[in-house]
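Below, each structure is written out as structure tokens.
Next, two complexes with subunit A in common: one pairs it with subunit B, the other with subunit C.
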Partner chain A sequence: MKIYNAKKEITCDRKIVVDDMILTTDMPTTAGSKMLDGYVSLFEAEVLTRAGNAGYGVIGKTSVGEFAIDLVGETAQDGALIEDGILKSATAEAIKSGDAICAITLDVNGSVRRSVAQNSLVSVKPTYGTVSRYGTIPVACSGETVSVVAKTATACRELLDVIAGHDDKDGTSLPETEIAKVSETKPVRRIALLTDMTKGVDEETSARLDAFSKKLTALGVEVVSVENSIIPVSRVAWNILMSAELCNNVSRYDGVKYGYRAQNFTNIDELYTNSRTEAFGELLKTAIIFGSETLSTENYMKVYDKALRVRRVIVEEFARLFADYDAVLTPACSMMAYPESVRADKYISYKENFYTAPASITGLPAVVAEGAQLIGKAFSENALLDLVALCEKEGK
Partner chain B sequence: MDRDTLRRLGMLNQLSLTDVQKEEIIAFFDERESEAKAELDVIDTSDVERMVHVMPVFTVVREDVASQPFTREALQAGAPETDEGYWCVPRVLE
Partner chain C sequence: MKYETVIGLEVHVELATNSKIFCSCSAHSYGAQPNEHVCPACCGMPGMLPVVNKRVVDYGIKAGLMLGCDINRTTTFDKKSYYYPDLPAAYQTTQWFAPVAVNGLVEIETSKGKKGIRIKQIHMEEDAGKLVHDIREDTTHVDFNRTSVPLIEIVSQPDLSSAEEVEAYLERLKTLLRYARVAECEMAHGTMRCDVNLSVRPVGSNKLGVRTEMKNMNSIEAIKRAIEYETARHIDAVENGTEVLVQETRRWDDIKGKSYAMRTKETAGDYRYFPDPNVMPVVIDEAWFESMKNSLPEFPEVKRARYMQEYGLSEYDAEQLTKSIALCECFEGASAVCGSPKDATNWILSEIMNLLNLRQMTYDMLTVNGKSLGELILLVSNGKVGRANAKKVLSAMFDNPELSPEKYAEENGLIISNDTGLIDKVVKEIVASDPKSVADYKGGKEKALMALFGRCMKTLKGNCDPQVLRKILIDYIAKV
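Then we have the complex of A and B:
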């Protein structure tokens, strides 16, 4: 089973993999799409420069689903990774195998968090703007975040410390004064378990959530079940915003300057249309059309503008929750393994992101561990990781 | 969503769709529309400001210094076809 495109052997002790949304100069970056087959970037992502300066060495790149909007990578141009009828994530497999100690990924639509939950790994999606997105393939810029995956919270924390920080080259990078708030950690003492976010999960996922909740309680953290009808709306609003942003971002791929070019065409319109039609997969085409429709004159106010306003409602709802709680606890996926058969629903990632959309649409930090997801206040990622590290210590 | 609108959207986005894809996309749209009605439209946002950025955005400026970050060869390395330093663009004039 091929889980990553390996570089030549490196001697570094701190071996990492990066997913195919992160630009590298010595390996192709395809975003899982035929459109970028063989594309090699002129510059590398800022996060890789920082990781390299700190002694991390990239051993290879893991495949992602086309533009990272699918479940766990099953729409990758080189095919889905399937073992015993179960969909696998290349990034998660690379970490599980022990070949790499960490992975740097781009969390666009939650596929990273879903696979981490299913593989009992740890991931941190930091507060939006604290880690540079310079040199990542843009898809849904207002919510996507560079994330770190590892076997332990400590390993996540070490790499995150290295790659976080202001970057002039990223217009959405926060100033150092803001990013410094990450180190002002306050311990997590009260957690709201959002019962409305547990709807639709299977027995095993529910049991994992319950076990994690009990573990937190044993550590002296108060876990309170809370009903909330606003946070679950995140999915519908995020699907609109993600698709609208994706539609604009992938409009640059036309088969002329780089990437895939159709062989048969008789005029410029056919060149564009045939190149895009032949290179893009079905989920991506639907997302483009949907995003385009939400931005149309007829729907802009009714759909796109509405989703932007609902985003504020959700952000304010989280702020209300954080007045009483330090973090919220939710699942990261509905089941602990996706059978191959789920692919019969081509658009399942537009439903399964119910669990990951709240952190995506708000830019809040999310840590996935032990099959569950903790979402914290802005800049609380270190506090969340500290709590998970404590759980790991107690579990030994 | 009707077929005419879908055809127009396909054209605008430079995508050609098969009949099967059109049916699937129409069903996808119908589902998304129902969700929006059921979940978004029930939230009163008449007094709520839009939130485009979740974090404050700061204008980034840098010194206006001329530089040559990439060579012509490097810039053309990813092009489908080049010739003596020029991009080869397919013949498209009829």
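Then we have the complex of A and C:
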């Protein structure tokens, strides 16, 4: 089962799906993990309350990989979704099929953006702090963002407008005055194509990037190839921060209070160890051990703290780029389809997030469309979506 | 060889806020049913985000200022990870990198005189829950009422050298924090707990000995006994080689009067501290800092001296009043309104103390406000309310701190009547009803007059000037 259906039938025409990282009270939320099999939250995510108030109806939930850190959902406890030897994403399938007009997802490690790029859909990962994370399964809190997926930029924009806004229940939620900047952004006129970020992409991905770039140029947008060796460092720092935060956040799943509990144990230490050993998958265990190591007294300064400093350097580097450009253009993934065989590399998502880590680590808005990714200045998500909407119009 | 004991304390104090540090659950867990004050946030369920209770930071700043600390104008919260069933999220949010207050100084006084104890830092953090072991069923239950209740941990430098100093230090912390109204500091209620770090060294040596830590001590008497025991054990080890001292955490068994090493598993561990990405750094701006500073009371000894000098109180009275900031506030408010510090003192030290005792309230629980007490004192001194009735008004003021004494007295017929017609009528009735007492009085028995007087007063519900009543009564009896 890759999609759980809502108990009550949704009759409105604004049907949406939400991924399994977003807490719902009428359906389980499992974060793709055996650890939370059947877990039903006592409260729902703020974004769902807002979407519901605006007339959107949730028809069901789409499966995610375990705690949403994998490629496109292949580590989900209910198995990978594979079609003709290609890894598929449940969320992208729900939108492509037309069952839902939009999806609300949690972008933890870029899996949303990768599947959107591969399926020629549109997604927006808004500026960090503009959409409440209240009621989302916490993994890498310093960078994860609620995102919207749809077939068109306009559909993304409509739902984003509804769910964005200050929320007192989220301490990192920006004040309304800051969030208002989203509607004041200037149109995107100059874009830097980061050549160092196109390394390792296959021909098809490269061709999509070129095509998109040409389309933008045709619209009068200046696209300039720019070399930059700092932004590509994002991946390494992000993997440290994400794993450390994940390790801490999933510590709460210990078999004591809720979720999976091992059958066999003779004391509390065995209860912890056996429950976690049996319930967590391999990628998650790797992330936990790696994250735990980065935070040890021995490694904290030379690994974790250094990653925090690298994050600041990257933020500054983007600021420097944005003095001359309105946005940067990069791929969102290295190939336009993941053959099943990529799973042979167990840690593929720790490498493939090379393309998504820059926006994750900085909290900058990122729009994926036409198989490519635009990363903009803080609060420029609407301008990015406007540009994509213009491309869509030209395409027709 | 002579040895000295070197002691540093880590004191956990529960802050007296109404709600918990990161959620809106009640923070008053004492006496509550298990898991009565819990929500998905303080139970560690996924999806809830911490929102800092500003009042907690207020109290953290106040505590820091009372203990002579510098306040970190940007203070941050960090996560401390460990597994224990009473810690639902498997991490405690605390302050590791930038605690709210640092570098303080607390002055104590013992039989050896005055001494300054340096404070290393004060940090804010959330409490953990409580495990309840059921021996009959061989099960353990978890109570999360206390999880996320705000605490401050006050870390001293190793400046203490005896049980007497430790007691004086703890008493001083209690007094100052209660004065700032940030904490109850009642060891019996668990609102003050103490970890004792102790080592010994030859007198005159600068080198610290091997340090052991005793955790979660919860009575001053137990702490004193533990310090004496540990000091003797350390000296014995150093002097006679009875054992090799190791840096470790020990458990104090107050019944057996001994300390025991805890399993290393319980103490060893890397807490993997890191900044909590869900809690933004708290920036204490000038306005906030100043308002906290201005809200602080004088130290008790400063108040005491001022009460004697400015209000002319005796040393004893000043001492009694300054035992609690609530008494001080009531006294200062009442004096300002009634203009008589002496009356205010008398009312507080007699009537208010009586009522507090009667109601089994601590001084700090007094809610009667000084302004109202002052108004009541004026009603009495202006002859508008009799003293006995004034006590009734005061009792009502305990029930409702907002109450206006004059309005209450009026509404409940407690105002002294100047209506001599009414007094005449009552006197006439009473005298007519008791010819025996009248005869006795006329026969020279003064006591008989008191009986008549009392009955008149009772009928008049105390609302008349005793002098007036007495005169009318005597005059009337003389006539009949």
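Quick note on the criterion: the second predicted complex is superposed on the first by the 388 of 396 C-alpha atoms of A that agree within 3 Å, B and C clash if a C-alpha of one lies under 4 Å from a C-alpha of the other, contacts with A are read in each partner's own complex, and residues count from 1 in each chain.
Here is the rule we go by: contacts are C-beta pairs under 8 Å (C-beta built on N, C-alpha and C of every residue); 3 or more make two chains touch, one makes a residue touch a chain.
Note that the structure is a prediction, hence the values are computed from the model and not measured.
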Partner chain(s) touched by A:120 [first = subunit B, second = subunit C, both, neither]: neither
Which superposed partner A:45 touches (first subunit B, second subunit C, both, neither): second
Touched partner set for A:134, first subunit B, second subunit C, both or neither: second
Which of subunit B and subunit C A:168 touches, first, second, both or neither: both
Which of subunit B and subunit C A:23 touches, first, second, both or neither: second
Partner chain in contact with A:154 - subunit B first, subunit C second, else both or neither: neither
Which superposed partner A:142 touches (first subunit B, second subunit C, both, neither): both
In the superposition, subunit B vs subunit C on subunit A residues touched: B
Contacts of A:295 with subunit B and subunit C, given as first, second, both or neither: second
Which superposed partner A:251 touches (first subunit B, second subunit C, both, neither): both
Residues on subunit A lying within both footprints (that of subunit B and that of subunit C): 42, 142, 168, 171-172, 247, 251, 254, 256-258, 268, 272, 292, 296, 308
Of all residues in subunit C, those that touch subunit A in their complex: 40, 43-52, 79, 81, 83, 85, 88-91, 142, 270, 272-275, 277-280
Of subunit A, residues touching subunit B in the complex: 39-40, 42, 127-129, 142-143, 168, 171-175, 178, 230, 232-233, 236-237, 239-240, 247, 251, 254-259, 261, 265-269, 271-274, 276-277, 280, 282, 285-286, 288-290, 292-293, 296, 303, 305-313, 315, 346-347, 350, 361-363, 378
Of subunit B, residues touching subunit A in the complex: 1, 5-6, 9-10, 12-17, 21, 24-25, 28-29, 31-32, 35-36, 39-41, 43, 45, 48-58, 60, 62, 70, 74-75, 77-80, 87, 89-90, 92, 94
Complex interface listing, subunit A residues touching subunit C: 23, 31, 36, 41-43, 45, 133-138, 141-142, 168-172, 244-245, 247-249, 251-252, 254, 256-258, 268, 272, 292, 295-297, 300, 304, 308
